[in-house]
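Below you'll find a set of structures to go through.
Shared between the two complexes below is chain A, which has chain B as its partner in the first and chain C in the second.
Now for the complex of A and B:
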């Protein structure tokens, strides 16, 4: 068991707040992904949790035990830093094994456990090598192995797959998920990659400019975000945000699509309407638009097109747009049902179409 | 030309494309790939030849001559006579041993103290007064040795020196630091340590700056003891800079003359007579230039040996690490 709670945590550097009054919970035995844009405060939050920094304000609790003032060495947390932090003068085996050796675990058990984790991560042939003899991906896997091998219930991973090639990332994502399930531990995984967040997460915490904008199960954050920034930050391709006005009759008008809200609301005024790419379809009888950019991903094609002075994005099956090129006409329709409507000033969810 | 006719270029095939004056030929010569590198190196080469190579060769040659400025005779070629004379001179061996002792104690003390102080100042960015403390710490290093020697001679003075005043204040009798053969060597050594420990602090701080923060943090999380962190991380990453500092201090301490000249002039007796002081006295008091040149060559070879050992050890460790 390792339920983590942050209560009113703030962290300032020379008067600049990197984290501002963060109150959030990381559920026990789940894989929670902390995502957000660069400089949102993700790594700072992780450093506070691991004990490398002390918060300016607030408390940190693990299983109701206040660990705010507990030194890093006594927190029993597995940590995989963004930089590999491997000792260059000892072998990969010793790099992975030394936290266990420091805990006075027997040599036989160390060999067994290092062997197991090396097997999972595919680094068995590398154990006798020095870090300088490894590629970036191999170093990263060695660093993950070291972090994972610690006797801990809580593991913090700071963007561990950054810079790795796509194939390796895919395979390591699966390995990490399997490892979490096998250990029955709590994983808090930090990334700024929206696709990685969606692939990995059971729960998702969205951090933006030092504030938690949303913390919910991943499907809920994607389909029913409570805040405009959460909708903007989670999703690939990115969502389309249309400026609109919501009238007293519950009708939402944008320059591109007008639709009624599915449930009544008291809100009247300027709104931001979020349309996910899958809510926009390419149809011959649709509104006129012009293709600006096409990214062929194989089965799918991401099309950026211009309509009403605004650039929108959608994802369509590649064969259906194979004949299109830059500046080709791109007639489209937006499905009104499911569109999310947010208060443009506060970013709070007002309703949906 | 008829109006409306196409324009033509009135130029013969034999006409020169551009004029080639002597200046242009010269600049083209300077720009040649086989000339330009030497041209760019010329200032430093000239400096090196005039101030290093010629005096060294002169010194090397003079070492093979019997040449005394007081004899009034021209230099006489004597082969290895000066070198044999030096090797058979017990006084030189004693001075050399004393110098090695001085170098050993000075460098070890300065390195240990420098590392300790460097570690204290490391990560003390938030400490109030850090900059002032560092400036004060480094100030002895920027003093000229003669000024430092005079300064400490006054402090050590048995009659009105502040140190003896404090000793008397504690109820003890005065100590003649520079006049007593039993303590003079330690007193001069202390001044050298005072002057040059800041240099090792500087080298330690530079070495510490090269230590990756992530490795230290990983060690902190994994509960590595401080001495393990020092050995496995700090010394591993900072060893090159620290070894360079030790080498520079060793060579510099080996040449110590100015401090001795100002504080004790090698005395009392020969208690503080280091080999550089011996060289000075034989050259500029006895004016035995041939003998002094030979001794200078031997000292130069010893300094080169220090450097060669340092480079060998460094490469040997790198090779060993790469092989393992």
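Now for the complex of A and C:
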């Protein structure tokens, strides 16, 4: 068990708020991803949780125990910092064993547990080496192993895969998910990479400019976000945001697509309509547009195109657009069903198409 | 393997020539230490002669020199150990806790070192006489340590700045004390800086003359003072004494620099250039 709750937590640096009145819960025994753009306050929140900083305001609770003023060492939290922070003057084994050595665990038990965690992460042959002899991915595995070795139910991982190549990240993501399941622990994983967030998360907390924009299971955040910023920040390729107007009859007009809301609403006025890339299709009889950029990902091709003075993005099967090039015509249609409509002023969800 | 070009041969020859020119005075003084007074002053210089160790025998059998050699070693080693220990802790505080006015304090520290020794000699002398510290080991070691600290803080702060605070935080999160973090995590990583600071301080204290002459005395005089006081004998310069004493005097710094020269470069760059040390 390790349910984490932040209640009205704020953190200021020289009068500038990095976190502003954050109230959020991290469910026990789940892999929760905290995502947001750079400087959203993700690392600050993690540093408050781990005890490296004290919040300016608010309380932090783990399993209903107030740990706001508890020193970092007594919080029983495993922590993997953003940088590897592997001690260069000792072996990988000693680096991983560090938390246990500080707890005066016997040498035999240290050897056993280091061996176990190294086995899971596939770094057993590296234990006698120095960190300088490891590749980036191996260093990261060693850093994760050290963070995981602590006797804890809650593990905080601060963007641990940043800077690694895609294949390595993919493999480490799987390792981390397996490890969480095996430990039955609570993981709070920080990243600014939307794709990584979607891949890793069971629950997702979206942080933006020091505020929690949304905290829900990942599928809910992606398909039914409650806030425009959550829709903008979560998804790959990014979502398309169309300016529109919602009239009293429940009809939404954007200039590119007009559609009725699926359920009545009292809201009337300017809205932002979110169309996920998969809601835009390339069709010969569609509205006219021009290709501006194409990113071929193999099976899929991400196409950025200009329509009505706005750049939109969609993802289509590569063979269907193999004949296209920059400045080629790109007729398209936007499916009205499922489009999300937000109040443009507040960002709150108004309804869907 | 690429053949060596004539330019490289010329370059190497030039380097050897410059090195030999710089080495010439050392060669001359060491050679002279095995000559008689007449041989030292002979014109043209005698390169072929029967060496004698009489100068060394005389030097080491004198009443004062062994004691002065001992003083030089004790004062240098003790002052360096104290200075580096204090400087390391001060540099750690400046680097990690960044007290208000850190930059100004660092400037003040260095400005103290820029002050010519003669500017401080009178107040130091009066203080030492007043406190009864003149010609005491503790007083001399304290002075040399204090005089060595500013430069050491500068060197070591540069090195500690280069060690990520994430290392400290890893220790804090896992329950390490500050003492453990400083001694087991930071210190091993800045050891090249500690060695560089120790070398600079050792050479400074080993060569120091003015303060030892003024606030030292018979009990604590070092080799530079011995050199000055034994310079003249029988109405002229005693070259046999000078050459033998100097030959002994230069051995420790040469050994230190020879074995630790790679640390000098990183020390002179205040840790900004790591080097393969």
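Keep in mind that, in the parts below, the second predicted complex is superposed on the first by the 353 of 353 C-alpha atoms of A that agree within 3 Å, B and C clash if a C-alpha of one lies under 4 Å from a C-alpha of the other, contacts with A are read in each partner's own complex, and residues count from 1 in each chain.
As a working rule, a residue touches a chain if its C-beta (ideal position, glycine included) is under 8 Å from a C-beta of that chain, and two chains touch if they have at least 3 such contacts.
Model, not experiment: these values are computed from the prediction.
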Fit or clash - chain C, chain B, common chain A
clash
Under the stated touch criterion, which partner chain does A:195 make contact with: chain B (first), chain C (second), both, or neither?
neither
Could you tell me which stretches of chain A are touched by chain B in one complex and by chain C in the other?
50-52, 72-73, 77, 79, 81-83, 85, 87-89, 98-99, 102, 146, 150
Please output the residues of chain A touching chain B within their complex, sorted ascending.
50-52, 72-73, 75, 77, 79, 81-90, 98-99, 102, 130, 146, 150
Okay, in this complex, where on chain C does chain A touch?
164, 166-167, 169-170, 172-176, 180, 185, 188-189
Taking the complex as given, what residues does chain B use to touch chain A?
212, 214-215, 217-218, 220-224, 232-233, 236, 321, 324
For chain A, which residues count as touching chain C in their complex?
50-52, 72-74, 77, 79, 81-83, 85, 87-89, 98-99, 102-103, 146, 150
